[in-house]
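Two complexes come next, and they have one chain in common, chain A, joined by chain B in the first and chain C in the second.
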Partner chain A sequence: MLADTQRGFAAHLLCGEAGIEESLRPGLPAARLGVYRNTVMGSLAAVLGQAYPTVRRALGEDRFTSLACRFAAENPPRRPMLWSYGGDLPGWLEAAGDALPPWAPDLARLDRAMHEALFAADADPLDPARLASVPPDRVDTLRLVLHPSVRLILAGWSVHALWKDLDAVPRAEPEAVLVGRTDGEVRCARLDPPDGALAAALITGRTLSDAAAEGGPEGGGDLQAMLLRLLHNRLVVGYALDAGPMEG
Partner chain B sequence: MTQKTLTLLPIAGALAGALTLLAVPASAQQSGMEKCYGISKAGENGCAHAKGLHSCAGNTNLTYDGGDWKLVPAGTCEKQMGSLKPFEGANPKKKA
Partner chain C sequence: MAATAPRPHDIPDAAGIGLREPHREAFVAAGLPAPWVEVHSENYLVPGGPRLAGIERVRRDRPLSCHGVGLSLGSAGGLDPDHLLRLRALYDRLQPGLVSEHLAWSVADGVYFNDLLPLPYTEESLDLVCRNIDHAQDALGRRILVENPSAYIAFADSAISEGEFLAALVARTGCGLLLDVNNLHVSATNLGFDPRPWLDAIPAAAVGEIHLAGHARLRIGEEDLLIDDHGSAVGEPVMTLFATVMRRIGPRPVLIEWDNDLPELDVLLADAQRAQRVMDTAATVPELCHAR
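The block that comes next holds the complex of A and B.
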């Protein structure tokens, strides 16, 4: 009985399902219940707007809010932590179609990656001197352990340029965007597809030589520049040689 | 790092090269970006705030505030009427 009432109330909050008033209290005006629905949907839409600030600006407040409310009705929060809410929005946007701009799901992925990077765990960067002490003949088998905030998105559109400037004209060119948090600040960098493949291999713990083969010289990726970028942003927190992590 | 290392082992060379470049003083490093204060509109403070953690997701409610910055290509900050240093209040050179 109580469970039924709670389910009905939840359905009302999310979908505006009618007919719940009488079971809560005979004669309860629907408008008063509407206050609750408004509060719930308004705050979920606001949370999504905070998590996807670039998409929100790109689509405009009204359109974003109406999409966010539809998303929230289908995907209510599952964990009691608002920061984690809305991870499924990019895929949902993709499926929703809705005459949305074709770059919207990719831009949402970038927003999400930066949002996750902000809330990811902390880890102390590796002292580069430790890497310098690896014997050169073993460097091939070196695997990097990257900072927990590191994210990589593979996009079909020039979303990094859009993120920097919404007036930029979106181009249907594949690119990767590397995201990481350095000293509490989330940074992102655009990568060409070969460098994206290189970064993806390093992030998944492939050896340097495997990673280089993935996006390396023939593919056009630049291992040295990638290592420098990761070290410079203090995103390398450990490494492993062959078997087992040595530190990190 | 010896020349021998660099030529014999391309992977080790890449690591050695990266570590060598990493040791170059910060002023000469080619991060290519600079912090530019006072040019970000409300909700568009790039992904960053001088105070770090709390406002990364474009959270500022102030437009062109001197405490908010975003990263811009090095050398372009002043062209955009921004400041390389934080300052109090809104940017007088920009119209909100």
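The block that comes next holds the complex of A and C.
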């Protein structure tokens, strides 16, 4: 049965399992099956290397490839669009331990966010003049709709500095990194934890007043600066106002 | 999207290039210096962003062919209906002049193997691949071309030759063929068969496109194998076989594929010009059995 042949072949590709060589034409060396296994594992490691370029450089080609092959054997792709493959790698690195540098999972999350932002849906930025037309007594109830590429990483390590320069010494200091795509180009910016809390609230669609309460003045976050940053980078694509109070 | 989609544009009988993302901007900046291009469909199944916008830019001014690498026509479990829907939406948007897939499988039990894996050429496989091609052509609303694979192994229970298998697919489904001359050379060398009877077996009129690419020679165990790595210029034996094919079947859309160790765009374009010259020269030689 063809289904059995393909299942046996698949087990060989992922785990090097024996058995499929018995289906080969007599006289053909079983070592030839290794060409397929090498192609599959090597190409998946290369795909992961493209999605996690900073982690690959930070860990070195050999170490990254060996980790990527183990990840791929345990988590093979389920969809043929390989740009979307490997979103689980940061969590897997965290669980794998493997004497990996403790900042590696956070750096992987940043790589992933930038990779996803590149392929996220398109949306036209909001004309800031439209925000100016919101009545002042309604501004507190305003919720932003951000560009589909916007991502926020909450990291325990100074991964933004590391992303910019792999020679930087990683520090165990919490930070957030805001990622978004402006005019086709993916950019990222480091935020202090209070601004990170503010950004997280805005991204999840909280009202401006709720967001300000999360990371606002007492926490040290700056709502106005955050709004300017998002508008300047053309990452706000719309807004919604909560229904106003009933007027009698 | 229907209002802005370009009209389908026939692919000319000329040498085009497989356009890869690292070359896209240089290709546009150089004034789109190839008569047509082909892309891997799955690379453009993205929600948005510069990659999709970039290929739409190219498509506005050049005929485009879409080459699928993930449909898995040989899967015993049938085709993924979601993937067919995604491909249909992309093809409706880009209006490619040609759409192609492979005589191979890459999906088993829902896992996608990023390779074009070999099928045993049996009656069971033939029935299955015909069903899958019917399904694909129905769902995509288009005729597809099916490409011959490069092989390193063959199965003991293969009872049908590859050429006869391809001919039967054409006869039973109405699909066309994408003749990959490098794959034919690689398979013929690795498996020890003569490409001439293979060429005799396939219906020349069904060949809608030709692929050319480079391969490597690698020591595997106790023997040398040809590896279809698309990592170099087209080798001389493949160009010679291509000239034979051209004399037999006449001009076709020809494509240079280069996927690994990408050179400068100019190097790829020079290989396409090399293929064009072979095609032009073959056209001046009396044809033995020109059928189209």
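Please note the rule applied: the second predicted complex is superposed on the first by the 237 of 248 C-alpha atoms of A that agree within 3 Å, B and C clash if a C-alpha of one lies under 4 Å from a C-alpha of the other, contacts with A are read in each partner's own complex, and residues count from 1 in each chain.
One rule holds for everything that comes next: a contact is a pair of C-beta atoms (placed from the backbone, for glycine too) under 8 Å apart; a residue touches a chain by one contact, two chains touch by 3 or more.
Treat the numbers as computed from the prediction; the structure is a model and nothing was measured.
Enquirer: Looking at the overlay, does A:Gly184 come into contact with chain B only (first), chain C only (second), both, or neither?
Expert: After superposing on A, A:Gly184 lies in contact with both chain B and chain C.
Enquirer: If you stack the two complexes on chain A, which partner ends up touching A:Ala99: first (chain B), second (chain C), both, or neither?
Expert: After superposition on chain A, A:Ala99 lies in contact with neither partner.
Enquirer: Regarding the shared-chain residue A:Ala212, is it in contact with chain B (first), chain C (second), both, or neither?
Expert: first
Enquirer: Figure out whether A:His232 sits in contact with chain B (first) or chain C (second), or with both, or with neither.
Expert: first
Enquirer: Contacts for A:Pro77 in the overlay, against chain B (first) and chain C (second): which applies, first, second, both or neither?
Expert: A:Pro77: touches chain C, not chain B.
Enquirer: So, does A:Leu24 touch the first partner chain B, the second partner chain C, both, or neither?
Expert: second
Enquirer: Which partner does A:Pro53 reach: the first (chain B), the second (chain C), both, or neither?
Expert: A:Pro53: touches chain B, not chain C.
Enquirer: Which holds for A:Val169: it touches chain B only (first), chain C only (second), both, or neither?
Expert: After superposing on A, A:Val169 lies clear of both chain B and chain C.
Enquirer: More residues of chain A are touched by which chain, chain B or chain C?
Expert: Partner touching more chain A residues in the overlay: C.
Enquirer: Looking at the overlay, what does A:Asp140 touch: chain B (first), chain C (second), both, or neither?
Expert: Once the two structures are laid over each other on A, A:Asp140 reaches chain B alone.
Enquirer: Find the residues of chain A that appear in the contact set with chain B and again in the contact set with chain C.
Expert: In the superposed arrangement, which is not itself an observed complex, chain A uses residues 118, 184-185 for both chain B and chain C.
Enquirer: Can you tell me which positions in chain A touch chain B when the two form their complex?
Expert: 50-51, 53-54, 57, 114-115, 118, 128, 131-132, 134, 136-137, 139-140, 142, 164, 183-188, 208-209, 212, 217, 223-225, 227-228, 231-232
Enquirer: State the interface residues of chain A toward chain C in the complex, per the touch definition above.
Expert: Those residues of chain A that touch chain C are 1-3, 5-7, 9-10, 13-14, 23-26, 28-29, 31-36, 39-40, 43-44, 47, 76-83, 118-123, 148-149, 181, 184-185.
Enquirer: Would you pull the chain C residues touching chain A in the complex into a rising list?
Expert: 42-43, 45-51, 53, 69-72, 75-77, 83, 86, 105-115, 117, 119-120, 122, 124-125, 128, 152-158, 190, 220-223, 225, 227
Enquirer: Can you name the residues of chain B that touch chain A in the complex?
Expert: Against chain A, the touching part of chain B is residues 5, 8-19, 21-23, 29, 31, 43-44, 46-49, 52-53, 56-59, 71.
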